[in-house]
Each structure stands twice: as structure tokens, then as C-alpha cells.
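Before anything else, here's the structure in question.
Per-chain residue numbering starts at 1, and chain names A, B, C and D are given in the order in which the chains are listed.
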Amino acid sequence: MEKESFQPIQRNFLSYQRLERKQVGFWQDAWYRFRSNKGALLGAIFIICIMFFAFFGSSFSQYDYYSQNLLEVDQGDSAQHYFGTDSLGRDLWARTWYGAKISLLIAFLAVALDVLIGVTFGGISGYFGGRVDDTMQRVIEILYSIPNLIVIILMLMWLEPGIIPIAVALSITGWVPMARIVRAQVLKLKSQEFVLAARSLGASHRRIFIRHLLPNTVGPIIISVSFSIPSAIFFEAFLSFIGLGLRPPQASLGVLVNEGYRYLQLYPHQLLWPALLISLIMLGFNLMGDGLRDALDPKMKR
Amino acid sequence: MTPLLTVNNLHVSFHSYQGEIQAVRGIHFAVKPGETLAIVGESGCGKSVTAQTIMRLLPSTAKIVQGEIRYEQQDLTQLTEVKMESIRGSQIAMIFQDPMTSLNPTMTIGQQLMEGLRKHLHLNKRLAKKRAEELLSLVGISNPHLRLKQYPHQLSGGMRQRVMIAIALAGDPKLLIADEPTTALDVTIQAQIMELLKSIQEKMGMALLLITHDLGIVAEVADRVMVMYAGKIVEHGTVDELFQHTKHPYTWGLLRSLPQLKQSREESLVAIPGSPPDLLHPPKACPYVNRCLQAMVICDQTPPELTACSSTHQVACWLEHPMASKEHENRAGGDE
Amino acid sequence: MNKKRLLSVLAFVLICALLLASCGFEGNAIKPAGGDNRTFVLAESAEPPNLDVSKSTDEVSSRILNNTMEGLLRQDRNGRPQPAIAAQLPQVSKDKRTYTFTLRNARWSDGKPVRAQDFVFSWLRTLNAKTKSEYAFILFPIQNAEEYNAGKVSASQVGVKALDDSHLQVKLKFPTPYFMELCSFTTFMPQREDIVNQYGSEYALEANRLIFNGPFTLSNWEHEASFTLKKNSFYWDQRKVRLDRVEGKIIKDVASTVNLYSANRLDFTEINPEFAAIFEGKSDRTVIKEMASWYIEMNQTKAFFKNLNIRKSINYGIDKRSLTKRVLKNDSVPAGGLMPTHMKGDEKHKFRELSPDTVLYDPAKAKQLYAAGLKELGLKRQPDRLEIVGDDADSSKKQMEYIKEQLRKNLGLQVEVTAIPFKQRLQRGKRQQFDLLISGWNADYNDPMTFSDLFLSGGSYNRGKWSNPTYDQLVRKSMTNPNDQERLADLMKAEKILIQDAAIVPLYYRSRLGIKKPFVKGIYWISTGSSYVLKETYLDWKK
Amino acid sequence: MTFYILRRLILMMVTLLLIITATFFLVHSLPGTPLKNEEKLPPEIRDQILHEYGLDQPLYVQYFRFMGGLFKADLGKSLMYDGRDISQMLKERFFASAFIGFQGILIGLIIGGGLGILSALYQGRWIDNFATSTSVLGVSIPSFVLAGLLSFWVGVKWGILPPALWGSYAHTIMPSLSLSVAVIAQFSRYVRTELVEVLNQDYIKTARAKGLSKAAVIWRHGLRNALIPAVTVLGPLTVNILTGSLVVEKIFGVPGMGALFVDSIINNDYTAVLGTTIFYSLLIMISVLLIDILYGWIDPRIRVAGRRGE
């Protein structure tokens, strides 16, 4: 052994401060976690693929979702019609992806409304607390015990058919869980130091809410959204099955499943594709939701 | 005296999504009957993992990579689950850090106490109940009859830890592992609990493996001390040796960060700068090198071996090497 | 984690299940659902709301009543009224306003005789406003019936009288050529005063709160689930009744009904056209001809549809043959007029045989007419957001989708499809909240008047608000015209005007589809297609 | 505790009142009348019949009359099935719905609970993957597709069970199965998450340190604590079953509440819509309340806290 080995290491003081472990931020960490969850990744890939085809799928085929050709009805898959045709001779490839688009649009719209109302309501309720919270909680309790199905069906009988009415009807009770989540989160956060600090510095309510509280509720909101979207799609499909909803020839996946279901015995492919797609969307969102929850919910950290 | 428990070259790793975390990286030690051995170190140094490994209570993501744990002629790492169950509680018992979460919230104290009694002592319900009351009195709980019917949340933290101790004592173990038994408690209660542990240890003559980061407790209770850092033992000796003849810069750092009554106002507490290494990629050389004020070139190149300074005192540091400069020895006096 | 692989396996299983589900049903040897030739099992798609002769309006209760009750007359296989409770066809007075019926010795299911008074009671009960009958108006040809219903005269002034136990005299307001047709209608069936009074508000709500005089009795009625008919041992013509039991299963989903049929758990059911293809070319397939006409009404309160050329262009722009053959697939007949094919004309001929219709379809001409119409209106292009309104039933939606596409392709006319629940559609029609409205009318009785009076100016069924004085005059005259010959000619002329003036766009005369096992014999439907007659039905199954 | 329940009951009444009021005005604002032969009725006669039903009176009069009847526990008579008592109808229909629903939940809880426990115990192993996939697939397949496939496959192709209809016990199996799939899916996920969390708790380590066998620990300490919060999902599950039953009842021809509800809406049967709405709402509110009470009763933390609050 050499003498030099036992010389003190030369270094400046700052190097002591060097952090040994690479510091990962919350979102970066969440991304790591998410990425390493194969199921979640698979789900995300499903969704991205389906969204891609839903919005651009029609350009892979010369057909549109509404043109009928009564000489080519109920055909099986072919080079012309990848998914075959329906009973009015419409191309099912185009219709299926169009249906996926409509279903996703309805779901996104409904969930966007949920988030908008839920965050506002839950945020105000949780942030101001006291009397305000009490009153708003009663409202939520009341809404919670209304059978949402009844409200939705009644609303749809009342409104005109179409995408927006369905989304509105779905979000009439749909925002309640979101409000609950946001409220719980805000309640937890508002007593924490950084909020107290901001408040003592004289920040306005709006500023505190938007700059400090909202960003910290994003995680639970994202998780909740990832589970609300498939349930909205599901609900829409369900409504189509009882015959409420869109303006034909507009079609959602639910409409297509409902149509296909009738031809199950003879032309199962008419049910197969939309049903498969609906299942894949649900699967995708559920897998992704599970992954997001594991990634974003610190309680689940292991 | 033959040791009660011997740990040889123990390696424990965890699996995580980032890779393998080497939590314990080859440690050796022995616990003699009736003695108190303390393991100290920062959180994450592997001391709790060591305790859990002895009990074979590691989470499913962890595994014993190599090494043996010898308890009364048996290698605990090789035992079947069923055999191990008969050792847990009756031979080796354990109490945990947080009495708030370590008791089942939906079962009464009595139910939880009697479980062990019935399993190991094969008592019937009536006898088990009687014994449970005795145990509660033993750990200093008044009104044991009433307490048996209560739920954990109806007790204070200190009380709960006493209950935990009673549960651990149920099987009359020869070795009690106490994993940070007082960390979660108020300072006044801490002392009571430690006193209780000490007195019970004397009464029942069992060995105590005390895991803590609190050197104050160690000084009062332990016979011998083992300092762990980044999954390795860096210093190991009797309480006197460790406190009076500190060899390792890390131990020294720990001692310096301990508030002392005689400390004057001008002397501030000195924290050890930096943080422990990432055990995902453990350093090949001395793990403490980046935080060590006496670090030498060799420290960053070759890992130091655990070498004996006396029959009971061992240390893993290049400063002990004859070629190292001896300046540092002055600081042991603590008046630098 | 091999989650991925597992998921793909499960997805594969799902696909397989769907594919396998498509295979045919070999292995189910045909046999009667009831196990033998004595029991006939059929399906109905709805629960009958009640079986009160005065209040019944729906098809299911009309079917049960048609088989458990009997009026003065009953339609035979060819739709002609035949003596039933009446021993023979009525005596009609010279002025064709007085009908006298002689009742045969018939009995109720409790053994009591069916008397003329039972008819008088029944009809007056229906007409009583307190009964809230929604079919009372069908009795209005009877003298003072409408007045009594409106509370203007007393019951004794209504023109129906029991001369004695077995003689019934009916006085009509005007000569009504189809009055005999009416006499087989359910609302004209008798009721027993003692039974009605005994059960009060509970009358006709359960199987045991009714009494019958027809081929069968209702022996069991599980609400929303099933009903059972048993042979009526007191029925006057019971020798002809060959079935011991009829079981009706109430099930709403047609796919399930088809499943039940395929599993030999039903002998007969109606189906939707979607399922027709399964039975294509098989002897199971049965066509039930309705006396129903479907057409598009155009909202003539809007300037765009006020224009004759535009209206005509829509008629020419829709291919009705493809509609019936390729879209509806239920053997409906493409229409060129209003009167369905088997509507009665004179004694020997059908209306359509005497006045054939022409189904119009000519895209080129349609375009021409459309362009001309636009020019007349001084428009460069169509008004924005035109709406075609119709029911939200699956087949109705499909129809509208088809029409939308036809108009787009043939005229370049863009319309939006609004499929709404039935009640909403009615309201929209009533308030002229539509541009195009898919409407249909089911005949109540076998006479052209049931259709002709729909399009009188200001009529409540004339939702397009079409108006033509000549048409009005012809139809109004026919309402009271005792001269059958002239009346028929007038009605034919009126129909021609209706089409020439493009009051409506005729689409088709509707048929429904049923499936029945090949061993089911002797079942027939009354002329309006609303009900089957099981009186002479039998099962001819051999192992 | 009594105070708590009382408070909840009062809130329930208020909620119910609001629901009834909202539903009342909503159904009465639906287009059209409840008359069955509306299409053919001449307008004068229609008005006259509406008058006989009292439907031509101002809405608020009808509202107070309805509420008056309600206080006398009279839900009124159906307009669609004219003359039939709504409460009688609900009673008749409820049995079928409750039977298949309850059986569905039971099947779902047993299978779902079992799957959840297995997958929590064997985290990351094939059984876990299987259970997770099943549950995800279970929530992904629309219940009407599943019910349709079951009816065709089991009922027609295999001929094991009747494809539809009501009457014997065999008729209840497939509807219950169809309903249970969603329950299995949700409950197994829930139990898994909950049990995984419980098994990571310190007191599980304590129990293990006592030398209890793995099975005993899971059974006595794990399951109990995992299943207590699982009680809370029973509420949403009940609601789910209600939703599912609407379609499942239609497909299998079950004479239940779902069919009644949809039909009454389509036919503008105001009293029936109100009756079913009240019934559904009460059902949900009562089950949520019962679940909360049950939860408080089986979880000593809440139980004792509740007592203290008294």
C-alpha cells in the first residue's frame, strides 16, 4: 500500500452538500412509477391507439359513417370494408371509429363538466369550511341519495337527443364524487404550512385556491377522471340500449353495440367490433387509472 | 458463554422498480444470554431490516441473499415457516416502534394478549385470561381486568407500548428485540418505558436487542453497542469503549450530534453533513467517504475491513490503519 | 408480470364466445313448448294494462279479449263479420240506420246466459264520461252516443236498446256502412253489470275479477310475467275449440324471445325485422298483415313545404321499394296511396283492386321538381336545419336514417334526424314542431273512412296542416252517404287528390313478422292485424 | 348514536321531499299526456278524460293533492295500468328485483371477495393477475352484452337454463349471474386494495411476531380489518345493481321494478314514475344509512366514538 493513499482527499466544502441520491420530484417519481407499471402502460397505449383511430381512422378508408349502400348490407370483413357493413350497407370500420369518437367526446365532455362543477363546488366547500361547508355538504348528501339513473333518464326524456344533452345529463349527478374528493383534499391541504404562509402574506382567496390548493389536488382529480371516463362511456352505452340518446345516423359505441346485439346470431361481427372496442377502452382507462392511482396516490407508495 | 444468537455475513436486499436495494451488506454479530446489545444508526442504515430478518418478518419484496442466523443450533434462515412460527413469540419476541399502529384496532387488548398465550403456552381461555392480567400488572398497567376489554384507541401511547411489551412477554422469550421502542413516545414516557424494559429484562433474564438511533438510551441501557451505516457495521464495542474511545468518524459524528447537558450555549450541535449513500448503487469503497472530514484517498478506493482494536472493540475505518496519520485521535476527547 | 398475456388470452376468449355464439342451433329438435298438442305457448311484448272491455286500448289486451270474449259478430279468416253471440247477421232497416240483432243461446263462463242487456250495459258504461274510456269515440256512430259522452243527454237517449233478453236494437246517427265491422271490435263486447259492480275499482285488474263469454277463460295472470287461458266449457261453439290451454309469456326483449323460441320454449311470437334473417326461407316465418299505412307528413305551415313542387320532389326522391325490401325487411308493401292493400272496397273487391296505386320514385324527376320548387320560392338553397321527426324505436330510427340518406343523395336536401319517444313525437306533431314527420295510422275498422277523415282541413291528425276544399267536401259527404257505390267512388277520388296534391308522402302499408312452429295450424289474424284468433287453432305435432 | 340516526332520518325526509318535488315537476313537464290512446283520441274527448283524472288542474293543486295522498301513505293509482294501486304494484315487482339483486350481490360478494383475498395474498402471482384481469374485464363488458350472450349461450346452445322468463328458481340464476359480474369486478378490486393495505400495517407484523400462523393472521387480523371498510362499498354496489337490473330484467323478462320504471317514464305514467322514484330513493337512502350504522357497529373505533358523542 502506498503512502499517497492515506493523504486526505482534497475537496471544497460544497461537495459535502452534494446530495448522494438523485432527487426526484413528485411528478417525475410518479412518471417512473407509472412507466414501470406494465398494465398501466398497456392501458395508455390502448387509449392512445384508440384515440388515434377514432380521430383519424376514417382516413384509412374511402367510406364515411353515413353513406348507405343497400346492395352491400350485412357483409363480413373484406378488403373494402375492414369490419364489414351494417344492415344499411354502411361501412362498419368508419362507423365503429366514428362511434368511438362520439363515445369519447361524450365522456370527455361529461367528465370535463364534472371536473368544472366538482372542483368549484368541492373547492369552495372545503376552503371556506364552517357554515358554507355545512350547507354545501347537505346539498351533496342529498344529491348522493338520488338514484342517478332516474335523474338521467328523466333529463333525457326532457332534453333533445344529442351529444351535449347526454353529457349534461350524465354530469348532473356525476360531479358529486369529484366534489367530495376535491373537498377532502382541500380540507387536508388548507391547514398546511404553505397555505398558512401564503395567507399570512396576504394572498387573496382566489390566489391561494388557484395557485396553492388546486395544483395539489390535481393528483386525485386525475385518478378520479381516469375512472369517470369509462363509467361515462358505459352509462352512455347503457342509455343507448334503452333507446335514449343520440340523433341518428350519429352513433356512439353504445348505439353500435345495441344495433349489433340484435344481429348477434347471424352477423356477430357487427357486435364484435364495437363491443371489443368498448371493452378495450374500459380496459385501457381502468388499467391506466390503476396505474395512475399507484403512481399519484402517496398512500399507496410501497 | 455461548452466544444465544449469532449472525454471520448477513446480506439482505429489497426489490424495487428501480432495481435491487442492498439494505444489509454483510454483518456479523452475536447476542449472549441476558445481555443488552444496541444497534444504532440513522434511519435507512439497515438496523430495522436486521431485526426483521432475525424474526423472518421481511416484506415479500425483500430476500436474504446470503448469511446465516444461528439461534440455539438452528439456522433461522433455513427454518420452515411452521418451525419459525414456534420460535416467534416463544423464543424471540419483538416490539415495534409505533404503539399507535402496532395494535389491531378492532380487537380488544385481551384478545390480542391471549392469542400468544394460547398459541405458545397452550392455556385454556380462563388461564390465558388470568395470565394476561398478570402480564398487564407486570408491565405496570393498573386495573388489568378492565383493560383487557378495552380497544387500543382507548389507551394512551405509553399504555399501548406497555401492552405491546406484555404481548411480547406472553411467550416467555429468551430474546426480546425492541425496534425503536420509544421513538414515537413523549420524552417522559420514554424513560418510563426504558426503565420498564430494563427491569423486566432483569426479572426474566432475557437478552435484549435494542434498535435505536438514540445514543442517550444506549448509554443508559446497553451492555454493548453496534453502529451501523449503509448496511454495514462500522463500529462495535462495549458502551464504554464506544463512548470513551470512539474510533470511527461516523460514531463520533453521531456523538457530536447528541445534545448534552453540560454543553454550553456557544457550542452548537453539529449535524453530519450530507446524506447516506444510495443503496441501489452502494459504493464499493467506504460508504462514509463523502461525509467524512478525515477522508483519505484510499477511503474512496478500497472498503475498510472490520478490524479489532481490543477483544471487544472492532471498527471498520482506514484511519485505524498504521499508515494513516494519527492526528484524528485527539478529537476523541471531544474538545477540538 | 404477464398481465399482458393474460389479458390477451381473455380477450381471445371473448372473441371466441362471440364467434361461437353465431353458429346455428343444430341439436334442438322441434317440439311444442307445452310438451304436447294440447297447450299453445306464445309470447307477448307487454303487460296488458287491464282487460276492461270499456277501457282496453292496447294490442295485448285486445288479443286476450278477442280470445276470451265474444261480441255480436266475429271476423272469420277472410275478415268478414260472421254471427257470433248474434245468431245471425242483423236485420238492417231501409234507411240503414237501425240494426236489430237476435242473440243465440250463449253463456258466460259462470253458466249464466248472455243477454242483450249485457251489451247495452257495456256500451253505456263505455260512453259514460266517468269511465274515462279512451275508445268511447268508436261508439259514436250510435245515435246520441257522442252527446251522452259529452254529458249533453241522458243514457236512456242513446240509441241502443234491449228489446228483450235476446233482442238488441241499435239506432245509428247516420248510415254507417262499416257498422258490422265495428260489432266485432273489443269495445263492442258485452259486460256483466253484477260483476262490474261487485269488483268496483278492482274490476278487470286480476284474472279472477272478470267473467268471459269467449272460447277461452283467463285462468291465471301473473303481472308482467305471464297469463294463462283455459278452454271455456260454457262457450257456445266449444266443439270447435281444440286447445286446452294457451300460455302467454310476457317478455320485452325480442332477442330473448327469439332465444326462447329457438330453445323450444315458445310456439309463436312476433319478432322485429332484425331477427327476420335468422328465419329467412324457413317455414317458421309468418307475415302478419296490418291494416296500417305509414307516410311522411310535411309541415305546410312553413313556406318551404307549402310549395307543391318541393313536396312532390320528396315523394319522388324516396325509394320506397328499397325501404321495404332492404331496410324494413318485414314484407311491408311499398305504398303509392293511403289505403292499405287489403282494405275493403265493395262487397267483392278490395279498395286497392278497384283503385290501384303507383309507387313513385324517380330521382331525376325529383331533382327537377326540387329545383323548380326552389326557383318558385326564390331560394338558392334549402332552409337551414330541417328536421325529420319520428319515434325512437330501432326500426323507426333506421327508417329515418334511410330517408335522410335518400334525400341527401337524390335531392341534395340535408335533414337532421330527431328520434324521440312516442309521446314526444305526438306532441311535436300536434304543435307543428317538425319539418318532416313520420306518421302511421292503424285502421280501427275495415273501411276507407278510418283513413280518409285523417286529412280533413283542421283535423287533429292532419299535422302537416294540408288543406284542400274538394277533398274535404268529398270526405264529409261520404260520412253520411247511404249510397255505397257513390261513397266508394268519392273516397277513391279523395285519395287521388291527396296524392296528387302531395299532402303526404306515402311510404308503405305495414306488415309485422312473426315466427311460429310449423306444427301450429289454424291460427289467423283479424283484418286490422291487431289480434290473432285462437278459436280454431290446433297443434299438429308428431314425434 | 340515537341523535345521529335521528339527524340522518330528518335529512332523509328533506332529501325525499326535494326529490319528490323535483320529480313531480319534471315528469309533469314531459311532453304529452299519460293517456294510452293519445294518438287516436279526438282532442275534445282527450280534454274531457284529462278533466276526469284531474290532470287539467293547475300543477300546484295536483302537487298538493299528491303530497296529501303521500302523507296518508297513498301513492295513488297508476295511469298506465289504470286503476292499479302503485304501492301494490311496487310490492309485486319488488320481490323479483330484490331476489335477483340480492342473489346477484351475494354471488358477487362471495366470488369477488374470494378473488380479492386470493389476489391480495398472492400479489403479483398468476392468481392475482387472473383475478385482476377478470375484474377489469368484468367492468369492461356491458351488462346487456353479457346478459344477451348468457341467454343465448347457456339458454339456447347448451340448454342448461331457461334463456329467459320467470317462474322457478332456475329462472333467477342467469339474471343474478349477469348482475353479479359487475359486483365481482368491483368488490374483488376493493378487497384486494384494502387487504393489501391492511397486510402492510404494523399490527399484522405484531401478530406475526407473536408466532401466529400466516393463515391465522390473515383470518383474524387481516380479513376482519379489510372487510370492515369494504362494507362501505355495499352502498354504491346496491345502486349499481339497480342500474344493471333495468337492462337485465328486460333481457330476461323478469317482472321487476326496472321494467316498471322505464315503461312508466315512456308512458308518462306520472304516479308510477313518482312511486318508483320514491321507492328507489328510499331504498338507496335506507341502505346507505344501514350500511353506515352497520359500519359503526362493527368498527369499534367508530362505535365507541359514537357512544362518547352521545
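Here is the rule we use: a contact is a pair of C-beta atoms (placed from the backbone, for glycine too) under 8 Å apart; a residue touches a chain by one contact, two chains touch by 3 or more.
Please read all numbers here as calculations on a predicted model, not as lab measurements.
Looking at A-C and C-D side by side, the one with more C-beta contacts is C-D.
Closest chain to the protein centre (all Cα atoms averaged), using per-chain Cα means: D.
We define each chain's centre as the mean of its Cα atoms; on that basis chain A and chain B are separated by 47 Å. In terms of their C-alpha centroids, the spacing between chain C and chain D amounts to 38 Å.
With centres set at the average Cα position, the gap from chain B to chain D is 53 Å.
Touching two or more other chains at once are residues 30, 132, 136-137, 141, 148-149, 152, 200, 250 of chain D. Across the assembly, chain A contributes residues 39, 157, 258, 261, 264-265, 271, 275, 279-280, 283, 302 that each touch 2 or more other chains. Shown for chain B are the residues that touch two or more other chains, of which there are none. If you draw each protein chain as a dot and join the dots that touch, the picture is not a line, a loop, a star, or fully joined; it has some other shape.
Touching pairs of chains, sorted by label, consist of A-B, A-C, A-D, B-D, C-D. Contact residues of chain D toward chain B in the complex are 123, 200-203, 205-214, 220-221, 224-225, 228, 299-301, 304.
Touching chain A in their complex are the following residues of chain B: 17-18, 61, 273-278, 289-291, 294-301, 318, 321, 323-325. For chain A in complex with chain C, the touching residues are 38-39, 42, 66-68, 70, 73-74, 87-88, 157, 160-161, 243-244, 247-249, 258-259, 261-268, 271-272, 275-276, 279-280, 283.
Within the complex formed with chain C, the residues of chain D that make contact are 30-33, 35-45, 48-49, 52-53, 80-84, 89, 92-93, 124, 126, 129-130, 132-134, 136-137, 141, 148-149, 151-153, 155-157, 159, 162-167, 250-253, 255-256, 259-260, 263, 266-268.
Chain A makes touch with chain B in their complex at residues 1, 3-9, 15-22, 32-33, 36, 302.
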